[in-house]
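The structure that follows is given in the form of structure tokens.
By letter and in written order, the chains are A, B, C and D; residue numbering begins at 1 in each of them.
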Amino acid sequence: MESNETMDPMNGTMAGGTGQGAAMDATEMERKMKECLDACLACISACNHCLDACLEEEHAAMMKACIRLDRDCADLCGMAIQMMTRNSPFVKEFMLLCAQACDLCAEECAKHDHDHCQACAEACRACSRACMAMAV
Amino acid sequence: MESNETMDPMNGTMAGGTGQGAAMDATEMERKMKECLDACLACISACNHCLDACLEEEHAAMMKACIRLDRDCADLCGMAIQMMTRNSPFVKEFMLLCAQACDLCAEECAKHDHDHCQACAEACRACSRACMAMAV
Amino acid sequence: MESNETMDPMNGTMAGGTGQGAAMDATEMERKMKECLDACLACISACNHCLDACLEEEHAAMMKACIRLDRDCADLCGMAIQMMTRNSPFVKEFMLLCAQACDLCAEECAKHDHDHCQACAEACRACSRACMAMAV
Amino acid sequence: MESNETMDPMNGTMAGGTGQGAAMDATEMERKMKECLDACLACISACNHCLDACLEEEHAAMMKACIRLDRDCADLCGMAIQMMTRNSPFVKEFMLLCAQACDLCAEECAKHDHDHCQACAEACRACSRACMAMAV
């Protein structure tokens, strides 16, 4: 194994033999996972910032659905990072569930004009696309 | 708040008023956190790949300390991402603990010649430095 | 709301209106969730003990599938506790995934004669049943 | 190792050689850990229920400190369950941090008359005591 490969987070999916890498070229798989890991990190950040900012809004009670979905989405994206990099046999099912959470959170955040909600909706939509690409 | 700010994961620490941002210029704080979030993601990836690869090594029994520390380090780095982006009052204490875990994991991985161990040691050392920078 | 109700962890699913409690009597729902929370805690304990003990076995290399599934199962059960008590809209899908992980872990552990593997298989089977009861 | 021992979640701390069990009788250690695992589970449930119920209160804006601390406390207690049962070298430092979070959350919840806040304060105080007992 070459050093540049071992330096690469993506190798997590190459080892361990779940065979999920077999369906496509390894380099393409690595690119997709790197994109998804970055999208999950950005989504965690946007969801947690949105949740925190929603609590500061004048009408926090109106934001409760947003707050609940921000929390679930941030936590599922955090576990998605673990599942992808540890080469879990459950990674595809998990990425599908994570994409669902991102979609629901994006749908709710998009209803609110706050910059943090609009930014969160955008990060969630991008993360959902990246998770779906990992789930196929 | 400007859109480009709300797009920025770093804003998590600006909102919510734990005052941890007050000690330094906001832009500098954002830069440090962005570095730490990226370092934590790289450390999770390196630790989980190292753990997975250690289990495939001929002498897995020799790697058990490495496997245990890889797991703790990956999980603590994952929670560190959450604590930083949600602006937790416990973030500084948590980053200190995370840095300790990175240091111990780096120390153990450095003992082994496997590429995945050497790569993990390097990622852990870089993450420890970034976590310490967030803890002050 | 009465104090004894608010003292009850189960109330998490009664509030927040995902309506998952609507399909059955609230008391029955509370009983099922209490059973599932206890089963998840026992499963986390058994999986983490089994993982730790597998690393001490003479033929740790033979235990690698067990070690990987123990880790996934423990982490999914931990998140299942969060999803159930926070009344997440994703709780049913998550409990299904958690039950799958428990089944796979039980199947692998059952192959090994070690006491810790047999004990883990039993805890995983019980947790899978409790998770399935929450998923309907 | 006897079957009744391997069935016991507590054994996690006996294996792996962090030596934390050496300071006291194993049975006493097992009793203390069982108490702490149950207290953490009850605290997660109470914090998540309190958070969910706070979002439904008329003056949710007044509850934002409670909501933030409920989330941190529930997540730290969840990781505490993992650290205890996996026999982590960081368990004592982690239990100290978890106890701090429980104390802060209890202090905030105690300020509010809502049944869910009072119940959460009680669960947090009990969990803090159990975590401190594990940290010594």
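Quick note on the criterion: contacts are C-beta pairs under 8 Å (C-beta built on N, C-alpha and C of every residue); 3 or more make two chains touch, one makes a residue touch a chain.
Here the structure is a predicted model, which means the values were calculated and not measured.
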item: Farthest chain relative to subunit D (centres taken as mean CA coordinates); value: A
item: Same-residue or different-residue interface between subunit A and subunit D, half as cut-off; value: same
item: Centroid distance [mean C-alpha coordinates] between subunit D and subunit A, Å; value: 28
item: Distance from the mean Cα position of subunit B to that of subunit A, given in whole angstrom; value: 18
item: Gap in Å, rounded to a whole number, between the CA centres of subunit C and subunit A; value: 23
item: Residue numbers of subunit B (touch at least two other chains); value: 16, 52, 55-56, 68, 71, 75, 79, 82, 86
item: Subunit D to subunit A touching residues, read off their complex; value: 52, 55-58, 60-61, 64, 67-68, 71
item: Of all residues in subunit D, those that touch subunit B in their complex; value: 16, 68-69, 71-72, 75-76, 79, 82-83, 86, 88-90, 93-94, 97, 100-101, 104
item: Partner subunit A, residues of subunit B touching it in the complex; value: 1-3, 5-12, 15-16, 37-38, 41-42, 44-46, 48-49, 51-53, 55-56, 74-75, 78-79, 81-82, 85-87, 114-116, 118-119, 122
